[in-house]
Amino acid sequence: MDTALLRKHLRIDAVDPKILRRIALHEAGHALMAHHLAPGSVRKIILTPTGGETQRTPLPAALTKADIEDELATLLAGRAAERLSLGSASSGSGGPQSSDLALATRLALDLETRLGLGGEGLTHTDATVPQLLTDQARRLRVHKHLQNAKAHAMEILEARQAELNALAKELISKREISGEEVKEDLSLR
Amino acid sequence: MDTALLRKHLRIDAVDPKILRRIALHEAGHALMAHHLAPGSVRKIILTPTGGETQRTPLPAALTKADIEDELATLLAGRAAERLSLGSASSGSGGPQSSDLALATRLALDLETRLGLGGEGLTHTDATVPQLLTDQARRLRVHKHLQNAKAHAMEILEARQAELNALAKELISKREISGEEVKEDLSLR
Amino acid sequence: MDTALLRKHLRIDAVDPKILRRIALHEAGHALMAHHLAPGSVRKIILTPTGGETQRTPLPAALTKADIEDELATLLAGRAAERLSLGSASSGSGGPQSSDLALATRLALDLETRLGLGGEGLTHTDATVPQLLTDQARRLRVHKHLQNAKAHAMEILEARQAELNALAKELISKREISGEEVKEDLSLR
Amino acid sequence: MDTALLRKHLRIDAVDPKILRRIALHEAGHALMAHHLAPGSVRKIILTPTGGETQRTPLPAALTKADIEDELATLLAGRAAERLSLGSASSGSGGPQSSDLALATRLALDLETRLGLGGEGLTHTDATVPQLLTDQARRLRVHKHLQNAKAHAMEILEARQAELNALAKELISKREISGEEVKEDLSLR
Amino acid sequence: MDTALLRKHLRIDAVDPKILRRIALHEAGHALMAHHLAPGSVRKIILTPTGGETQRTPLPAALTKADIEDELATLLAGRAAERLSLGSASSGSGGPQSSDLALATRLALDLETRLGLGGEGLTHTDATVPQLLTDQARRLRVHKHLQNAKAHAMEILEARQAELNALAKELISKREISGEEVKEDLSLR
Amino acid sequence: MDTALLRKHLRIDAVDPKILRRIALHEAGHALMAHHLAPGSVRKIILTPTGGETQRTPLPAALTKADIEDELATLLAGRAAERLSLGSASSGSGGPQSSDLALATRLALDLETRLGLGGEGLTHTDATVPQLLTDQARRLRVHKHLQNAKAHAMEILEARQAELNALAKELISKREISGEEVKEDLSLR
């Protein structure tokens, strides 16, 4: 018996197409924002039935405040793409310590408490995220950084929604797009 | 000597029928709510003298706020079923970390603090449940999510109380009901 | 030489009769309350020179709020019996984690914070007892549960003080009373 | 050469007589108070150049509030004796977890938080001493228990200062006094 | 095939010249400040594509408040040099426990809480940095120390900006400068 | 080649004479204060290029409040001597857990929280130094004890500044002074 038929019969791989489209849009959002801010920095986009990944070149050793604000926008661009094309965000950018929201929160906190680039001046502290967020004023500053980054991501993606949808569609059909292909696709327009 | 007779004499297995009915109603509540929200998502219902279990298909990888609110209602539907048919809830939905109330509280907190879908915006924090609940405003938001989910569950079950009681009765007599049987039983009406 | 005489000479076993009577009354209080609320639930009462124990049948898997309030009254009935017949309570119901007061406090806190049956609604939290008791409102609710349970125990025992004293006396002379004997003694009246 | 002479020459054992007298008075205070509250409860008093010890019979298994208040007074009687006969207390009753003050503080806290005999009713909590003392009202209640116990010890010892000094003197010369001797010495008057 | 060509083709070692210049200026700032405050105290300056290091002679065993203020200025001089010559600071002085900002914060806190040289008098405490910074008044004093040190560094470097740029340029071309060379370069003017 | 010449060439042992004088004055301050309060209690003074030590006879087993205040003054006399003869204190009395300031803070806290000799009455608590110092009133009492001890040390040393300087000078030349020598030097005047 044909394995593919058997798998279909057992409903294995019967991926929910709505979920797949959401993940593809999410990754396309990350890739489009990264390319916009640093052309050539996307190495590969991957899509699997339960998740996706956008691989990028490493960040330089020394970042200014503006560099960090760009990175925050890139981290939140996946979520922004979902909201833009589907009308709602999902749990997909949150959850574990390696999630978009966890990384963005940690980076915004670093800016404030470990990099000397935020409202707390040069004082450096190495507390945990929950400890750092008990300070109300700091919490508001982090909230502000994330709101600004989200607005930045939304603005960039809104102006490029056709490219976003096209990139997501390509990702659904190919399941993997190389950095070279991303560059070609996005640089043509 | 007959083992069954001996067991009866020693009162082993002499399960309190009131407790058994309560557990059956509790599981029937979970199953009915899950079926209502996602037909076909119940895999099996099991009843033992000291507990029960409703097995479901896994949740998708990306959940919207509405998906999570549905999941909260399903988690609280066991308790709602007890209250509806017996006039009181019991300790059966509470207790350990794997209990309905623990899972629902954790999920409502995730929505607020780790998934970017609640009142705290995109800020992500990984504190423990007791730490997270020391924040009064957050505590009220969690309380609100659980109250809404409970009301949702009550509303759905109230409109289907005959099916609820029938499903519980069937569970008491069979001790195990397959997903197919649940689907047939509940789809007929 | 006779061992019993030698022991007496060395004052081994010279148990303080006042302490022995207090422990006997304490256990008789637990047993009488348990029997009153659930006839047949006492399995055995034991008295030793330095302590006592009332063994009971296990509690059912699902408890309502009323069931838990009864259990609190049973836990505090030992202390209530001391106060009733001796005019004062003692340290005997307190101390370690397995003491009457520790178990009653834990159970009242469970009702509030882990079973969804108290003033905090359905929110579940798994903090330690000292952490949970830092919340002033919760502390007052726990205090109230324990006061009510104590009043309930006092009321039941006051109406049965003759039986209480008789059961304690029997325990001092026999050192161990079976569940059957408890049932016979207490059901005659 | 004579060892004793050599030791004297090297100033070994050259104990400060003022320190020795203070320690002797301290232990005599414990012993006198213990004997006053429970005649026969002192087993032995020992004096060494750097410390002392008053050994007593174990406490009964169940203690009333009054029993605990007596125990607090006995624990503080060493310090009271120093103050009475030398005009000042010393560090001798404080310091490690096994010191008079540590034991008295722990016992006063138990009375309040683990034995159901204090101002906090029946609520039981197992926090550490530093945690328990962060509650201002509890701290004042503990302070009050210790002040009352100190006043009780002072009152008893003041009325028996001649016996106190005689017992301390006897201890300095004998270095060890048996329970029988204590009973004889103190019961004659 | 030539390895160097292959590496170039693969873009390995393609260091961003803007990042390299920033790191060189940062290290030149440390070295210039250290030399200004203690001629001869710079042992070596090193530059790599991803970071740099300024090695100095060890500090003496006993430091006055003025010595510590000088050390704070030297720690912040790297960041000051970036701001002076590039218009912005970067994340390069922050981050791990061994970063300039972490060391400066720790030293300013030591001055206040462990060395008896700050606003808290002689009281010594060994808490962690996050714990120490929860005290608002102490946080402000630390902030003040760092602000003063930053202003001191800016003032010294501003008056020597030509030397700073020359030293950074030399470092970019040589990648390593010995203490002797630093002394010669900076003492000529 | 001569080792001494080689060492000189390599600048090993090239001790900063200013640092050496500061350390010598610091130790002379401890020794002079200890001798003033308890003649004969200094066993040895040692000076090394990076530190010093004043060895004393052990304290008695029972200390009054006055004894502890004397000990605090001796601990702070090193710092007082630096300030007196050099116009400034240094980091030399602070730093690790075994430093003068750490020991003095711990002793002042013991007086308050473990020895029953301070403003908190007889209540004993075993918290860590950082925990104990979060109590504002206690912090002020500790501050007061240290200020008084510092003033006491300053007063004694000011009246004996010639002896202080002479003892420091002798220590620099000899590097080690025995208790007998200290006694002779300081008792002559």
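Before moving on, here are some points about what is shown:
Labels A, B, C, D, E and F are assigned to the chains in the order they are written; within every chain, residues are numbered from 1.
In the analysis below, a contact is a pair of C-beta atoms (placed from the backbone, for glycine too) under 8 Å apart; a residue touches a chain by one contact, two chains touch by 3 or more.
As the structure is a prediction and not an experimental result, all values here were calculated from the model.
Shared contact partners of chain B and chain C are absent; no chain touches both.
Common neighbours of chain C and chain D, by the contact definition above: there are none. For the self-contact between chain E and chain F, the two sides draw on mostly distinct residue numbers; the shared fraction is below half.
Overlaying chain B on chain E by C-alpha atoms takes a rotation of 120 degrees, rounded in steps of 5. Centre to centre, using the average C-alpha position, chain D and chain E are separated by 59 Å. Remark: chain A and chain E have CA centroids separated by 34 Å (rounded to whole angstrom).
Shared interface positions of chain C, defined as residues touching 2 or more other chains, are absent. Chain-to-chain contact here is organised cyclically: the chains close a single ring, every chain touching exactly two others.
Taken in ring order from chain A, whose neighbour in the chosen direction is chain E, the chains follow as A, E, F, D, C, B. On the chain A side of its complex with chain E, the touching residues are 60-68, 110, 114-117, 120-127, 131. Chain D meets chain F in the complex at residues 16, 19, 22-23, 26, 50-51, 76, 79, 88-95, 97, 99, 101-102, 104-105, 129-130, 133, 139, 142-143, 146-147, 150.
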